[in-house]
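Letters are used for the chains, namely A, B, C, D, E and F, taken in the order the chains are written, and counting of residues starts over at 1 for each.
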Amino acid sequence: MKYAILVNEGPFNHQASDSAYQFAKSALQKGHEVLRVFFYYDGVLNGTKHSAPQADDRNIVKRWSELGKDYHLDLAVCVAAGLRRGITEEVVAPGFRITGLGQLVEAGIDADRTIVFGD
Amino acid sequence: MKYAILVNEGPFNHQASDSAYQFAKSALQKGHEVLRVFFYYDGVLNGTKHSAPQADDRNIVKRWSELGKDYHLDLAVCVAAGLRRGITEEVVAPGFRITGLGQLVEAGIDADRTIVFGD
Amino acid sequence: MLHLVNKSPFERNTLEACLKRATKGSSILLYEDAVYAALQGTTLAAAMAQAAKTHEIYVLTPDLTARGLDAASVLDGVRPVDYDGFVDLTADKGTVQSWL
Amino acid sequence: MLHLVNKSPFERNTLEACLKRATKGSSILLYEDAVYAALQGTTLAAAMAQAAKTHEIYVLTPDLTARGLDAASVLDGVRPVDYDGFVDLTADKGTVQSWL
Amino acid sequence: MSVESDNSAEPKVKRFMYVNRKAPHGTVYALEVLEMVLISAMFEQDVHLTFLDDGVFQIKKGQNPSVLEMKDFSKTYRALDGYGIEKVFVEKESMEERGLSQDDLIIPVEIIGREELGALMESMDVVLSA
Amino acid sequence: MSVESDNSAEPKVKRFMYVNRKAPHGTVYALEVLEMVLISAMFEQDVHLTFLDDGVFQIKKGQNPSVLEMKDFSKTYRALDGYGIEKVFVEKESMEERGLSQDDLIIPVEIIGREELGALMESMDVVLSA
């Protein structure tokens, strides 16, 4: 199956980003394809390189970057939602890219399944 | 009256920061004192200098900075909550300062009223 | 004491949670999406009219206006206030509790 | 069709909203804080047992474990799945709708 | 069931549904969903917009969030038609529970019952909610 | 009523209440409230911790969020006593509605009825909720 994943919420405050990550990881390990992970609404906050959680906690941003690297994932952050919330080229974490909302619709067209994780 | 204000949520996604701002502005205009506005949980996201909303929308971060300047407000961003979410000295907006959670408790002790705005 | 409720009673349990604990005679301000609780003609209107007999219930007018509602659409017994009134309530009613 | 619900039914209306619209025989996965809806002995248990007769109801075990719950505390008729099972459900049941 | 992906030359047209269940202004979702809907109009997909539960308040007439210095996006709903977004559904029961009638709405919509809405959801390929 | 501020030399001791109404792990509030409570212990205030509604799940025994790679902070509740946080209340009705009893809880607590909880809230100077 080809998946598109939409993440509506930022890291830590809501479990949405954790659930999306666990889902994506399981799908990839089972041999499915993840066409794109799109970060919208507060989801864009997953893409900040300045996140530095405590050592005994998971690093949500870094974990996405690494999964992206391991599986050549497209981690797409919405430019308009990002501008509102201060996620711009200056702060975007490795492996994420800032792009237009059309890329979410495209992923929805191309994927067999679109899964939304939110609040 | 002396007020302490706690903002639990980030800008845009929830109205909490808007409501806290309107409340603080009204209280100040009526001659009350606002000892501290403390930003905790996702509230720390109000303190990013990179927020650049569309021209026809309010600029929540800038508006806090300006209110802070006009009334010499203490706009305090929690360091621990900020680290999790990427709000660090590199990105903090003018007029905000990063500080410890103890400052919230202190404000609660010193204020006549503590008001929480959240989700 | 002043209780603050900011969520739609159709979506979340915060207004209900507040009403279950707020002591008789205490004050409740409905603001943000909680202003929908103050409307006439909804499935919650009867329960709210009842609550207004045991508590002082206020509703924030700018949050009504933003949502295309006005004081005329509000239940009898629910008192409209603006942000100045919100500030006055916090000063007059003692400790403030937000139901989040 | 697969419906996803992630909020506690005690706090939000999303599970109720889903059950009102989900067609007979469609599947519902409870995850994150929605796993509390799958518990025995709560005030919602009877309604959930009823819902399990008209819908295939699943619950995500890692979200149970995280919260100190296990499959033994789950209502009869609610089927535990792990993340692999979650992925399989999305593949097998057609379009996925998240109730947010 | 979902349309399976294929490699044919025909452009894919999928049945998209944007589900609006949340009230406006208290959260940003109504505004940002609308931005998504406008973008999706450019992709010539079969777009369905539904308003249910508190989402029906999104298209209530007379909104004026400028009193809170917030953006007034409610007028944009009137522009949807011009973007080719014509399938707009509102759930009857949700309106009734909230004391609203069609006269209270900004735009003409198709009013459908709860059961019919469930069947419509079931017929989609992509459901986006917020 | 709140203690009015004054300029006397005595340290001010206020009645603080931390209200926990939300389930753990689905959101971060339980964790970050706990960090706030630990800090407040240093200020020698009269701290009250209350668990009601879904908040009672925060102190459910046997939590293991490490299966989700999430931080297990539930053990920290056991340390509260050592920090001098001794006034911990759980609402009876909230537990009953969720099928929980005192045996299910990580820490010893004082179980109080809904009405009593309302009166306790009314007696506070500062109420912090999330």
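Definition applied: a contact is a pair of C-beta atoms (placed from the backbone, for glycine too) under 8 Å apart; a residue touches a chain by one contact, two chains touch by 3 or more.
Bear in mind the structure is a predicted one, so any value in this text is a computation, not a measurement.
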Return the chains shared as contacts by chain A and chain B, ordered by label. E, F
What shortest step count links chain E and chain F in the network of chain contacts? 2
Looking at C-alpha means, what's the farthest chain from chain F? E
Please tell me whether B-F or D-E has the greater number of C-beta pairs in contact. B-F
Chain of greatest Cα-centre distance to chain D: B
Can you give the whole-Å distance between the Cα centres of chain A and chain C? 38
What is the distance in Å between the mean C-alpha positions of chain B and chain E? 33
With chain centres taken as the means of their Cα atoms, state the distance from chain B to chain C in Å. 24
In chain B, which residues are in touch with two or more of the other chains? 8, 12-13, 15, 22, 41, 54, 57, 80, 112-114, 116, 118
Two or more other chains touching the same residue: where does that happen in chain D? 6, 10-11, 13, 32-33, 62, 95-96, 98, 100
By the touch rule stated above, which residues of chain F touch at least two different other chains? 2, 22, 25-28, 53, 68, 70, 126-127, 129-130
Of all possible chain pairs, which ones touch? A-B, A-D, A-E, A-F, B-C, B-E, B-F, C-D, C-E, C-F, D-E, D-F
Please name which positions on chain A make contact with chain B in the complex. 10-13, 41-42, 45, 48-54, 57, 61, 80, 83-88, 90-91
Mind listing the chain B positions that touch chain C in their complex? 1, 3, 8, 15-16, 19, 22-23, 25-27, 30, 32, 112-119
With touch defined as at the start, can you tell me which chain D residues reach chain C in the complex? 10-13
Under the stated contact criterion, what part of chain F meets chain B in this complex? 2, 4-5, 12, 14, 16, 28-29, 32, 35-36, 39-40, 42-43, 45, 126-130
Complex contacts: residues of chain F adjacent to chain A: 25-28, 68-71
